[in-house]
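Chain nomenclature is as follows: A, B, C, D and E, assigned in order of appearance, with residue numbering initiated at 1 for each chain independently.
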Amino acid sequence: MIQRIVLTGAALFLFFLAGNVMGETSLVMNIKSAGIVVVGTLLTGFLAFPVTTFKGALENLLILFRQTGQDHRPLIEQMEALALIRRKHGDKVLESEGAKIEHPFLRKGMELVVDRYDRYEIRNIMEREFEMYFSRKDSEVGLLTTLTRVAPAFGFVGTLIGLINVLGNMGDPAKIGQGMAIALLTTFYGLLLSNFVFQPLARKLSESIKAEVLLLNIIMDATMDISEQTNSRAVSHRLYSLLGEKKSNNRGDEKPQTSPGGLSIRPLLQRFIPGK
Amino acid sequence: MIQRIVLTGAALFLFFLAGNVMGETSLVMNIKSAGIVVVGTLLTGFLAFPVTTFKGALENLLILFRQTGQDHRPLIEQMEALALIRRKHGDKVLESEGAKIEHPFLRKGMELVVDRYDRYEIRNIMEREFEMYFSRKDSEVGLLTTLTRVAPAFGFVGTLIGLINVLGNMGDPAKIGQGMAIALLTTFYGLLLSNFVFQPLARKLSESIKAEVLLLNIIMDATMDISEQTNSRAVSHRLYSLLGEKKSNNRGDEKPQTSPGGLSIRPLLQRFIPGK
Amino acid sequence: MIQRIVLTGAALFLFFLAGNVMGETSLVMNIKSAGIVVVGTLLTGFLAFPVTTFKGALENLLILFRQTGQDHRPLIEQMEALALIRRKHGDKVLESEGAKIEHPFLRKGMELVVDRYDRYEIRNIMEREFEMYFSRKDSEVGLLTTLTRVAPAFGFVGTLIGLINVLGNMGDPAKIGQGMAIALLTTFYGLLLSNFVFQPLARKLSESIKAEVLLLNIIMDATMDISEQTNSRAVSHRLYSLLGEKKSNNRGDEKPQTSPGGLSIRPLLQRFIPGK
Amino acid sequence: MIQRIVLTGAALFLFFLAGNVMGETSLVMNIKSAGIVVVGTLLTGFLAFPVTTFKGALENLLILFRQTGQDHRPLIEQMEALALIRRKHGDKVLESEGAKIEHPFLRKGMELVVDRYDRYEIRNIMEREFEMYFSRKDSEVGLLTTLTRVAPAFGFVGTLIGLINVLGNMGDPAKIGQGMAIALLTTFYGLLLSNFVFQPLARKLSESIKAEVLLLNIIMDATMDISEQTNSRAVSHRLYSLLGEKKSNNRGDEKPQTSPGGLSIRPLLQRFIPGK
Amino acid sequence: MIQRIVLTGAALFLFFLAGNVMGETSLVMNIKSAGIVVVGTLLTGFLAFPVTTFKGALENLLILFRQTGQDHRPLIEQMEALALIRRKHGDKVLESEGAKIEHPFLRKGMELVVDRYDRYEIRNIMEREFEMYFSRKDSEVGLLTTLTRVAPAFGFVGTLIGLINVLGNMGDPAKIGQGMAIALLTTFYGLLLSNFVFQPLARKLSESIKAEVLLLNIIMDATMDISEQTNSRAVSHRLYSLLGEKKSNNRGDEKPQTSPGGLSIRPLLQRFIPGK
């Protein structure tokens, strides 16, 4: 909701700024100026990064802007339920339930538990996978940061082209205005593209990664605890502290608020959700 | 007190600078220029960060500017008292006293002690919670840093709009002055906003986080020591070294200067307090 | 394929930009301007870094742009096969098979296994070698970063030379244009060289290093596992998680899809390959 | 000595630069320009940091500029003497001698030894205290870095005020010169303040911290060794390697060159002293 | 050899650039401009760093530019020989041979071995000494980085002085050219000094430190191995992997290619040497 207001506001503000500029310059020149900046910036990005990094960044950003909010509570209840399932029903049931899990790293964790890896091996395998996962994410942020840095440079390159053309036709005052316009227009679009598009996108992506690091660590901790069947109080405590609240009256026993056999995912109070 | 003098001085200085500029430019143009910078900068912030990060940063800054000073001594005496309570009166009394603690992490720590988690588990649980807590704080500093970086860029964007308009109306000298004015005004407000507002706010917040990291580590150490009931000399020593002074004549026994049953919070000499 | 499209597009864009500038400036001046920037930048690089670093960076970049994609699957199947060979046929056969391995660090790892170093020694020796290897790679990225930073500075140095010459001949308007042209041309080429050439090259190289760090860690893990002949499930799991897929129906036994005696390197589905 | 020559040279250079500028601008304008920069920069500092950080930075810098050189040898001989005292005369004498020590962390260390904390506890307590100590120092460097970064921005703010006033009075050529002068004067003083004052001060402070980290680590090592009464050869070796020389003919026994009962602090050859 | 070509080329390029500028400006003005930048930059350096850091940086850079190449092979053979000496001839001979070693840290390491420190103590003592050594080196790089950053600022300060003088004498067109010339000349020399002198020097020094870190780690590893007389295969392997080659036909026994009693330092194939 707020997400949409912000995006609409940003679009209106962009139109307002462009409108202020349009008055004195033709639409064609505006498109040409913006084109030089966009093409140069994206080409630099494609020179430096493989296409898969572009795709990954785009997909992640679409998800980030589409999602109404991130509620980790269902996931946490799922982990509690899985701990109970293993203790009450054994690995057989855990395997069939685990295959239904949506979150890829939690599903993988349950596979490791069912395959009876010990605590140390689980940490080792999961950490290597996290490394690979976040290395990809990190490249995507790196791409957006590179675009942020390169866009104003191409804006200034366009400005220089315009200035050089102006200087070569000093005699014709009409062309001076036109040349200066395209010169400044490219810097204008370079700065906007960098600060109003790539900079917030890079930040948004890196913020979501920061949150994901915390979540995946929780999942790894829970997986190790489930594999050992000990310290179930600790895992419950840790899981609920993620939600910033105390599991009210049943601290010390892990009976989840779900039916023991299935994994209930209750829609929950939304006040905890960021970006909503 | 000094806090207030500084804020008043900053406001006066701001008016002095704006006054120097106002002489040659209309109020409307000043408001429009400042508006472009403020709206563009904040919109970028909202594009990059969820609303909760804005709220969190605002709340923390209000607390930082309102508080007359940070006195950790009551908290430290509280920890000493809690150690004594546990040894003399046992977990039952500790639980009821612990529920009265205001500081959320110390209260959580006492819950862990009462629930008889061992040293390793306490460290593990508290560290994950600190991580989550400081991850949120870190995002708030990141927001202010982003605003600091983006504000001058929007100032320059406004300047470019002004310049482009000037170049399109070279014939009319009256408009040149006006266009140049709004051009330079936006850069002026962009620089002021960045360096005089967001930069010190970002610094103030990150400094307070640095201090909080130290405090939370002390609380974690004390919680672990209380849970073990050993090394009480060490915890006392560590606690008092935080205050930069030696616990005068009763080193080696932890009798606190408080009535054994309750948690006294004495108002203390204020010379140690920063920002006062 | 996409690699080639991007390179062609970048070349065309460069010609388009240069063409826009050429109209008003002579080819000689363009060559002189680009020359000042290129010579100054490269000389700075040669002052700061040994020739071997230049060679290394060049070789690595040529490999990066020539390769159609990086498929780690043959390497991973090779490691699985090596684990099987050791268990089934012993160190004698492993030694002769190991000598045929192309990847230098995997070959070295197998030498260490045959020489019966223990897990700790293998980690110790391989980590020192990785350090030395990545220290060299790191210098190569440092070289490209230095060039990225220095190129615009030399562009501006050329601009200053032009401006000083213009200011010394204020009377001759013809020379003003010429002087200003060379002035702006060097900045133009400095910015292009920095942002369109060195910046993406530096990024491309550092991205490839990031991927290599992950791969070499996998190789080290596998070598340690092979040396111990235990945890073969873990190594298999780890190896296949690199490919982002589960080894379908034979989890838990390591029978590779290769003839047991030799090391088959099957051409594989290409969808996993970046930059393709 | 050299310290004084450098300071005198810096002052003369500053007067030379200011003199070059004074010729064309009035003293009042120079003071006003410098005033805007100094007031704006300091106000920003006071907004971001508590007054105690200012005081701390000032005190430390005064000490750094007053001290004729840092000779760690007396401190090291003191530590050697303390090790001998403990072994020969026991904790009673160590306590009374320890109370006379000037260096606060070494005195604290001896208290910990007398109180019979073990190696682990000593490390734990001292590291927390170092953390708190260096956190304060770090804030002081952060203050100076902030001032370094903000000063040129306020210089440019002043320049913008001047330019806006000039543009509003285009008709009056006399005022153009004056406006431009104050404009450029503030940038001039902003750059000088940043690069000639705050930048070297920030560096000097951070360098002194780096040296202090090493020294405090030596003190912590020595304290731990004294507490264990073993490895006295190692502590002696470590202590003398700090001085970059070998303890000539009595390696392996710790007889210090001091009278056993007291702590002699000999004035020593000064060639090792930095900043002299 | 290449070193000399690069230095000559850099000098010629510098003269070419200066020559391009000289045409329109007098030699006196060039010297004055360069003087302002050099004096201001160096004074800032002397304000921030002690004289010993200047001396150290200068000495290290002279060594770096004089040396024809860095061949670590003699050192590595020396370490192999020392391992053999200790095992075959005992500590007595090792002591007398060790005293002849030129490399200070290897000599110190052998002293520690002869003094019969254990593995842990050797690591502890040597790491502290490395810390102190690299802390000094780090300051030297910090000095050069500071000079790199400050030089363009003083260039711009000089430019401002020139501009202010021009603005104060608008009536006299002859003085405008002169003023602008000195203005731009200082920026010109500031940029050259920063990017063409201090930047590559800082990089060269930090690169040499990076290589030294690796070498000193090898020396520390070897010293620890020699002290234990075990794992001699590992030390030999590690040593030769530094050279990027396999010790051909005598893997598994450490017979060095030297006469057992002395330390042969053979001149070796030079292809491995950087900067040659």
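Descriptive notes on the structure:
To be clear about the criterion, a contact is a pair of C-beta atoms (placed from the backbone, for glycine too) under 8 Å apart; a residue touches a chain by one contact, two chains touch by 3 or more.
Given the structure is predicted, the values throughout are model-derived calculations rather than measurements.
Chains that touch both subunit C and subunit D are the following: E. Per the C-alpha superposition, subunit B sits rotated 145 degrees relative to subunit C, a value rounded to a multiple of 5. If you average the CA atoms of subunit A and of subunit B, the two centres end up 26 Å from each other.
If you average the CA atoms of subunit A and of subunit E, the two centres end up 42 Å from each other. Touching of two or more other chains is recorded for no residue of subunit D. With chains as nodes and touching pairs as edges, the resulting graph is a single ring in which every chain has exactly two contacts. Contact ring, oriented from subunit A toward subunit C: the chain order is A, C, E, D, B. Looking at the complex, you find that subunit A touches subunit B at residues 2, 6-7, 9-10, 13, 17, 20-21, 23-25, 173, 177, 180-181, 184-185, 187-188, 191-192, 194-196, 199-201, 203-204, 207, 210-211, 214, 217-218, 221, 231, 233-234, 237-238, 241-242, 251-252, 274-276. Subunit B meets subunit A in the complex at residues 36, 39-40, 43-53, 108, 112, 115, 117, 121, 124-125, 128-129, 131-132, 135, 138-139, 142, 146, 149-150, 153-154, 156-157, 160-161, 163-165, 167-170.
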